[in-house]
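Here the structure comes first, spelled out in structure tokens, and everything after it is commentary.
Note that the chains take the letters A, B, C and D in the order they are written out, and that residue 1 is the start of every chain.
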Amino acid sequence: MLEQLKEEVFQANLALPKHGLIKYTWGNVSAYDPETQYFVIKPSGVSYEEMTAADMVVVDLDNKVIEGKMNPSSDTPTHAVLYKAFPEIGGIVHTHSTWAAAWAQSGLDVPAMGTTHADTFYGSVPCARFLSQYEIDEGYEHETGSVIVETFRERELKPLEVPGVLLHGHGPFTWGKDAHSAVMNAVVLEEVCKMNLLTRQLNSFAEELPQRVLDKHYLRKHGANAYYGQK
Amino acid sequence: MLEQLKEEVFQANLALPKHGLIKYTWGNVSAYDPETQYFVIKPSGVSYEEMTAADMVVVDLDNKVIEGKMNPSSDTPTHAVLYKAFPEIGGIVHTHSTWAAAWAQSGLDVPAMGTTHADTFYGSVPCARFLSQYEIDEGYEHETGSVIVETFRERELKPLEVPGVLLHGHGPFTWGKDAHSAVMNAVVLEEVCKMNLLTRQLNSFAEELPQRVLDKHYLRKHGANAYYGQK
Amino acid sequence: MLEQLKEEVFQANLALPKHGLIKYTWGNVSAYDPETQYFVIKPSGVSYEEMTAADMVVVDLDNKVIEGKMNPSSDTPTHAVLYKAFPEIGGIVHTHSTWAAAWAQSGLDVPAMGTTHADTFYGSVPCARFLSQYEIDEGYEHETGSVIVETFRERELKPLEVPGVLLHGHGPFTWGKDAHSAVMNAVVLEEVCKMNLLTRQLNSFAEELPQRVLDKHYLRKHGANAYYGQK
Amino acid sequence: MLEQLKEEVFQANLALPKHGLIKYTWGNVSAYDPETQYFVIKPSGVSYEEMTAADMVVVDLDNKVIEGKMNPSSDTPTHAVLYKAFPEIGGIVHTHSTWAAAWAQSGLDVPAMGTTHADTFYGSVPCARFLSQYEIDEGYEHETGSVIVETFRERELKPLEVPGVLLHGHGPFTWGKDAHSAVMNAVVLEEVCKMNLLTRQLNSFAEELPQRVLDKHYLRKHGANAYYGQK
């Protein structure tokens, strides 16, 4: 079942090491099928050299394995929470990519300092707080999803306008309308984290991008009046 | 029409990811034909894997598509302004290359700190100001070109002596006598931005290259008495 | 003799340049055979292009060559001391990987600042002290092993919970249950050293990972209740 | 003539981009033949893709072209001065490699902070001063060589014990007993420049390697009692 989605998720997983975002098995991609309300996700701890599309695991939104011989990614409950809370998204990526992980370890939001950021993220990418002991005991991966949702609710952010988050002390999650765009957003976030760190080293007083330029760049690529790319 | 120039522009576009200057479609190269007063430019938002030389778009200096089935790069009006204002140039490159983008985000000129810089750029590479709201509303990409031209006029710079610029909060534009040399200048600028940032980290008091060494290196490669390379 | 272990050690040595951990011959891998109490190690100063599995040298715990036509790695006595003191380990890696060497040169322990660290190392990776003149004269490589063992004894660390160490002014040693996992731990340590340095640049007050998150991540991958990966 | 040396110099030149030390044509390698007192050097400004062993130029110590259809490297007079002053060396490399160039731009010597350094360079790698206007007018490339020689004389350094130098505002020259070892020393210097810059970022008070460890590492690889590698 969901053979095409499995192939998409498999290819999106392979794109992570190709883009230099992960080493070994430190990442996972999933994609959601609105019709069945199932999602397809990478199996846990399987090397990219050995993995095939058929190894992808089909899971429902309560984390029950619907199809597949292997354990799904240990981060599966985080994905499930996000698909439930953000119905507009269709794909999710988690990595430990170096520069985004460094920002996550620093506990800082990633401010919009340039148009590379503004072309994809409409404002700062937030850094979500550490989980409490209680939350860890309740279910670490499920509560990780809840803290991401809490962060977006509290800051009144729209998931497709700011398609990513950092987890304090951990690394980034990104998402998008499908697995492919979630991967692309992971690449952008990693690059923006690198550019912004270097910018701060050059000029610790460097200002954020003026709102007018943020608006212009985000809106020429997204929304009703976008004019970037082909029709 | 302009089949050879299309091939040159196509190859120069492919050189950008090869040199690590861009990810996805974040860049564009054009080249100018003085006889027809048309220029050839990359189509907007098309992936490098799928692109062919035949997809290059022929545009006139008023941004009218003369030949081509696809939309030209959204940055086309910036290129047009530069070809009009700087008749000595024949190729233009725009990228979001990491280290040059970090300098652009910092809002600082790139000073000539070494001979790698001096071999190509005869003095600092300027960082052009943000556009005003009025300019953005008038036509963001066209006015971006105007601000570059304004920067060169105000500082009395010659476009082939300083073949590049940073846009505050955005990234670099470089140019040259043709598309190939514009790419080469983009590579040099990225490398110089990296070297200079590292230099500042080592020694925040590091001095600029003395004028006598800047003169020597620039002039042994450029101008009437150049003696670098083969005849 | 020990043909399979030779092949494993050979492949693990080849993995070092593949993962970008070494240049030229600046590294070595060994693996231990508990039955014979011999270990297999890379020959000294032989290039990776020319090396074959048959060139691996079999040595006993007193550094006597048991089989092999070439000199074993000059670091052989360090490996021997570690196998004697840490009977639970089966493979050892030494590199001069860039970011770990920078931490080693700084003389600082590598604190646990993120989950990338916590997934492999259960706490800080210690930096062992310089050898004294007396120790250098007694036998530099043997005493290097002794200082590593001293460091783990003094800090009451378990070798498989913290499977690596930095040598002040030198570089990392990592280990594991076999040569393959020792290489994997070398990759993790290098990556963590990079992430942590970048984190400090972003936020010099960045806090270490809370103990509760360190516990959770380490223990979901290691120990009796681990649930990461396949059965 | 000197066909084998041409092949060696050609291969050593190709090794520079392979090791990531140069872009385009920003580097050159030569090797000396003591019998004829000629040296073989890369032609000026020729791309590595098009270059063949037959394009290498044979020059005498007065910079006269003995054989070859192309102009020799514009840095030829620097090489000639070094071969005359340092008869123990047989190969020379010049690059603008990123991290070494950053140190050169900073005007600082590269201190021995680790064993990666000590395995090749027996103490700090000096940074030679800028040339005066008079020296530039007299002959920039020849005087560059003279300033290197002056630096080694004043500091009482032996060229094979410290097989390299930085030129302030420019980049590194390295050398060795032949072209291959000169390339290897260029790789080491680049790596050491990177490690040391990172070390300073981690700990601005990081100390230099104690003399006893510098002695031990240098002397276990070099000199009468060396025991690294095969016989």
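Here are some notes:
Simple rule for what comes next: a contact is a pair of C-beta atoms (placed from the backbone, for glycine too) under 8 Å apart; a residue touches a chain by one contact, two chains touch by 3 or more.
Heads up on the chains, UniProt names are A, B, C, D = L-ribulose-5-phosphate 4-epimerase.
On a predicted model such as this, the values are computed, not experimentally measured, just so you know.
Taking each chain's centre as the mean of its CA atoms, C is the chain most distant from chain B.
Inter-chain spacing, taken between the CA centroids of chain A and chain C, is 33 Å. Per-chain CA centroids place chain A at a distance of 46 Å from chain D.
Under the contact definition stated at the top, the residues of chain B that touch 2 or more other chains are 201. Under the stated contact rule, the graph of chain-to-chain touches is a ring, a single cycle where every chain has exactly two partners. Contact annotation for chain pairs lists A-B, A-C, B-D, C-D, with touch applied as defined. For chain B in complex with chain A, the residues that touch the partner chain are 23-24, 26, 43-46, 70-71, 74, 96, 98-99, 101-108, 130-131, 133, 136, 140, 169-171, 197, 200-201. Remark: chain B residues 19, 113-116, 119, 184, 187, 191, 194-196, 198-199, 201-203, 206-207, 209-210, 212-213, 216, 220, 227-231 touch chain D in the complex.
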